[in-house]
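Consider the two complexes below, in which chain A is the common component and chain B and chain C are the respective partners.
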Partner chain A sequence: MIKTSARPPARRRRRVARGKLTAWLFIAPLLIVNVLVIAGPGLMSVYYSFTDWDGLDQADFVWFSNYTDLIGDPDFRRALLHNLLWTVFFLVVPMSMGLLGAFLLSRIRRGQLLFRVLFFIPYVIATVVSATVWRQILSPTSGIGPALSNLGIPLLDDVNFLGDGDIALGAVAFINNWQWWGFLVVIFLAAMQGIEPSLYEAARMDGAGAWREFWNITLPSIRPTFMFLSLMTVIWSFLVFDYVYILTQGGPAGSTDVLSTVMYRAAFSEQQAGYASAIGVMLALISAGTVCGYLYLRRRLRWDI
Partner chain B sequence: MTAVPALDRGRPRSHAKRRGSRRTAKHPVAYLILSILALYAIGPMVVFVLASLKTPSEISESPLGLPGEFRWDNFATAWVEANMGAGLMNSVVIAVSTAVGVCVIAGCAAYALTRLDLPKPGVFILYLLVASSLPIQLFLVPLLSLWTKIGLYDSRFGLIVIYWAIYSPFATLLIRSFLIAVPKEYEAAARIDGAGEIRVFTRIVFPLVWPGILTAGLVAGLQAYNEFLLAVTFIQDSENLPASISLYSFQQGFSPNWALVSAAGLIMVLPVLALFIALQRRFVEGYTSSGMSG
Partner chain C sequence: MSPNLARRDLLKLGGGALAASWVLAACGSSDSSSGSSSGGAADPKNVTYWAAFATPEGQKYFQQHFVDAFNKSQKNVSVKMDVKQLMTLGQLTNTAVAAGKGADVVYADGPSAALSFAKSSKTVALDEYATKYKWQDKLLPWAYDVSKVDGKLYSVPVGYGSLVLYYNPETFTKNGWKVPTTLAEFEKVCAEAKSKGMIPVGAGNSGYKAQTEWYLTCVLNAAVGPKALHEALTGARKWDDKVFVDAITLVKSWIDKGWWGGSADRYFTNTDTDMFTGLANGKVAMYMSGTWSFDSADTFFTDGKKWDWAPLPSLSDAVPAGVYPLAIGTTLSVNAKSEAPAAAAEFIDYMIADPSRMLGMLAATGTNPAPLKIDPSAYPAEVDERVARLYKAIPETKNLGYASWSFVPPKTDTYLYTEFDKVVTGGMSPADFCAGLQKAFAEELASGSVPKPFTPEA
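Moving on, here comes the complex of A and B:
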């Protein structure tokens, strides 16, 4: 009796141990590349942000001086302001266009698939290519300005969209929006297709128009998606890099600088890798802070968002 | 001979059209706004395609007009001058290796998370969520220094490893959601028959979840093909440059040759567009799950 019951647990333990080993082997590749590329260098960045590292070997501990320098750096503050303006733009313009496109698509049957593909095409085009497309269209010598004046409309004749510091940031944001909003249409549409049709029928019985249907049924029903995308918009707006770097490199005279381009310059042209690491850590903190703030509002203050 | 079938086909088509226009008439404003939005999305691409077939002087004379004569040789010139041939080759190698690697890495990890005896899978999932939301900017500078030290800087393989790391977490979560939907009884039956883990995975599980794996691979491959920040940072040698960076250097400068730049850009975009239009449902599915995971 004792003999027979003693054997299976030992075997089972062995099998459990072997099962654990297999499990670790299966997840090992993911963990190895992740630690090597993300976690390891991420932690090193935190360390280097407290040093005066030049990007090569020299790294002396300087405590918080990179961070205090950041706060006093007019370039950093201007870039932060541009990121905030960028956030507001992307929370308003592409979100509205995405909601409008998705709501209209959800109400038609014929051509829905075609419109969805057309709206989504800019999103699959590489950033470099869409930046190039728009650089040409906005070019003061061979773009829309000269084209209009050929037609006798000299409206945009002397407008240099990407070369004029007053409007360059808006132009870059406009170009980024061209690629971005169609993605939002597709996501919002997928969320809207999950809404119970009986809700709309009930509203129609009450004689609600399209606007009231959108406001009272569609928007509340897709609120989780809407909030998630708003959250992502805030995070991505602080990390924007590609379009600014390709189109203006932060210029003219810093008028389109964002945190990422300031960081890139510090790291790779000014040999201030410690300072750049501090900006990188700030960016990660902004992302984390946004998520935590959202969770705090939802979980602790029980905001219904 | 051609006229008769044309007439024959003409009637039902016009009938269908009439029915269509009646349904369209239900939402004229919706269709109008949607058409304007579609024009905004596609118009710039049309201008771009036209520019790639013009001469530079035609572009500056009438930027939005039709070309006098279609200059297909712009593509041949751009292929060589902008180094797009080599760039495209590098990009395809990078995108395919990224896609395959991400599928293997994420497939195995998702399998371990859902099927194998992994202690505390919740902790791993939390780590994946955090890792996939950390900004590249956080680890970019030390990563470059590390890659230089271990000889992975300026190599396609080095860039591919980075893509594996940053695209695997999302792919793992995506494939995991497919695996959860597969009943475990199938595998239990195979294990009773004495099949090993690898056999169970390749014979039983994989055939059931391959749509999820394909979607994850497509999304990762496309992201790698289009990626800019890491490519411009980690590749220096012109032999290894992906198409995105070849195009980036080619379009720089105050007044580039827009005809050739457009042709070079189209060379980069056409393979993606063809793949997207062929597999658009799967692409949309993949991106939708990334946008709705909230």
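Moving on, here comes the complex of A and C:
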């Protein structure tokens, strides 16, 4: 049978080519910006990571010396451990709080908007503002400890949240979580509102309780959102800088150092820009590895995420 | 989703991480709006200057009496001042100058930082202008000498001070204390203050980690002394010598007793503001800090309360009491990329040419003046008596010491205040701290990065 509507191949190729050109024209501005602000500096950093550049003077090649120094640097290793702990904390605590908060909110109608706004407010406060307020709250001389003590509750009298190396990292993570978890609530709630209500009705008819509804219907239905936020949590946990820098600058004695504060200090205080570039490259590799894991789950295991 | 799109995701996400972590290179290549006259199109007679001030009054005074007055006195040169944050000016300048940008008149927070610019050829030698404007005749000899690199002048110091012992006379009178001049007297006040629930010696580095260098400068000068410090700065004595280990051990013992900042953990949450507030309300007995606080100390002492200062006590039998560590907090150089170097040098000269102009600013705002040769009788009556006392005392004494950020090279200085945190927490022994100090210093000494210290007279 002859297809009378079929176009000649040459004409079709021209149309496809025109379509591709249009697509490239649309993407060109973003591509140019990305090359200028990401690829350019990124490649320069890779280059500088193989040099002894101090940030001012001429850079001489030291090849892999910065990377071998990283392996033997106890500050780097400790910061990496802190990033890993941070990642675990943010994968567990705020994600759990976000899921729970969203699930509970999804079951109420009256007042839901109010709670959504209240939970979201910390996220829109500038980091420097909320960090400064929290530093005042946790101050051992004028914060919550002395305030409770004045009320006859000397519970936190000898607790110095940001000055005690054993608890400072947890305190900073707690403050960051205060800002972060409300954002997760709103995102998870939006995802939950897209779930077909008949699924819950059917479950209730079968006698399922709230927990079973959450486990067997809610969680599988929002899996793409959950997995995406988990991925971003891992990446952001390795890039964390602002709260740590404002609250403790990595102290006391490195007990809250993360890779980005070590990198910052190396670049801007210790005049080791080449070494700082090597830390930056390591961070990028960690992020790339995380994304590869994400892609593996999607493509090899056929996860619908 | 198609494999192509997945790869794009990879690039986007990986790229985002890359961008955030590679801020260094981005900073170095993006600062084009900073007002440099080196852009090609700018008028060569326009001079840019980045500055920072502790108080708005200081900024206003400088703008009127230095920038505006200079511009009025000139037909062909015009200075434009950009005011930055005090805490970040040094870093902003470093980044911009490294990228071949920045202002024509380059700020550095001491000779040590200025030396880094000079060694990397980011600033130019000023000998031609020094001869023309007779800077050697105007500046104090030690300040002129420390501004040289390989025999050539690369920076001009425009603000200097020292470190002293701040105290509240009312608190001392109330407790029957005498301002300490010896180690025994110092420790007696500390012990009594502690027993009364006070913080004996204010200390802390919350908000500004480099505050530690203030305290270590005080201790090293008062416990080790200028002579041993000069030997260490010239490589004749090692930093892991017993005298340095003993000095650090002494501080550590005070920290463990709760004398220094109240306790080890409080050290990391105390701020400079906390310590001055504590001095004013009688909760802090003494505070070793810089004379740059002369212009802001009054803000903490209200309702008729007064602060005062005394020279640092001797913290060792081998060191005479009353050492004044000399600190240059601001130096100015000329950017190698400047298209108007002569005009930039002319503005620098304007700042130091007339001592009465500098003293006028000292009287009006308390801002640390340039280290100029000034006759003690030249100080106007409006200068606060406590401020004038310091600047009259320094030229007269022979007991002059060294502030770390002025005389210790940059990497060693950074080591000093970052690694000392570990001594505070007990994670590093004083001996290991000093061994690390020696290692850092030896590298910089070998590379010629150590500013030339003056020879002590005491």
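Rule of thumb we're sticking to: the second predicted complex is superposed on the first by the 264 of 305 C-alpha atoms of A that agree within 3 Å, B and C clash if a C-alpha of one lies under 4 Å from a C-alpha of the other, contacts with A are read in each partner's own complex, and residues count from 1 in each chain.
Convention: a contact is a pair of C-beta atoms (placed from the backbone, for glycine too) under 8 Å apart; a residue touches a chain by one contact, two chains touch by 3 or more.
From a predicted model like this one, the values you see are computed outputs, not experimental measurements.
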Superposed on chain A, are chain B and chain C clashing or fitting side by side? clash
Taking the superposition as given, does A:Gly280 touch the first partner, chain B, the second, chain C, both, or neither? both
Chain A residues touched by each partner, larger count belonging to chain B or chain C: B
Touch test for A:Met227: chain B only (first), chain C only (second), both, or neither? first
Which holds for A:Ala147: it touches chain B only (first), chain C only (second), both, or neither? first
Just to be sure I read the superposition right, which of the two partners does A:Arg302 touch: chain B = first, chain C = second, or both, or neither? neither
Is A:Val129 in contact with chain B, with chain C, with both, or with neither (first, second, both, neither)? first
For A:Leu162, using the defined touch cut-off, is the partner it touches chain B, chain C, both, or neither? Pick first, second, both or neither. second
Determine, under the contact definition given at the top, whether A:Leu30 touches first (chain B), second (chain C), both, or neither. first
Between chain B (first) and chain C (second), which does A:Arg116 come into contact with in this model arrangement: first, second, both, or neither? first
Contact-wise, after the overlay, does A:Gly251 reach chain B, chain C, both or neither (first, second, both, neither)? second
Footprint overlap on chain A, comparing chain B with chain C: 34, 37-42, 44-45, 48, 55-56, 139, 141, 231, 235, 239, 260, 263, 267-268, 273, 276-277, 279-281, 283-284, 287, 291
Touching chain C in the complex, chain A uses residues 34, 37-42, 44-45, 48, 54-58, 139-141, 160, 162-165, 168, 231, 235, 238-239, 248-249, 251-255, 260, 263, 265, 267-271, 273, 276-277, 279-281, 283-284, 286-288, 291-292, 295, 298-299
What residues on chain C touch chain A, complex-wise? 1, 3, 6, 9-10, 13-26, 28-30, 91, 94-95, 97-98, 116-117, 119-120, 122, 205-206, 209, 265-269, 274, 410-411, 414, 418, 421-422, 424-425, 427
Using the touch definition up top, name the residues of chain A that touch chain B in the complex. 16, 19-20, 22-24, 26-27, 29-30, 33-34, 36-42, 44-45, 48, 55-56, 97, 100-101, 104-105, 107-111, 115-130, 132-137, 139, 141-144, 146-147, 150, 178, 182-183, 186-187, 190-191, 224-225, 227-229, 231-232, 235, 239, 241-242, 245-246, 259-260, 263, 267-268, 273, 276-277, 279-281, 283-284, 287, 291
Within their complex, chain B touches chain A through residues 20, 23-24, 27, 30-31, 33-34, 37-38, 40-42, 44-45, 47-48, 51, 56, 59-65, 104-106, 108-109, 111-113, 116-119, 124, 127, 131, 133-146, 161-162, 164-166, 168-169, 172, 197, 222, 225-226, 228-229, 232-233, 243-245, 247-248, 251, 255, 258, 261-262, 265, 268-269, 272-273, 276-277, 280, 283-284, 287-288, 291-294
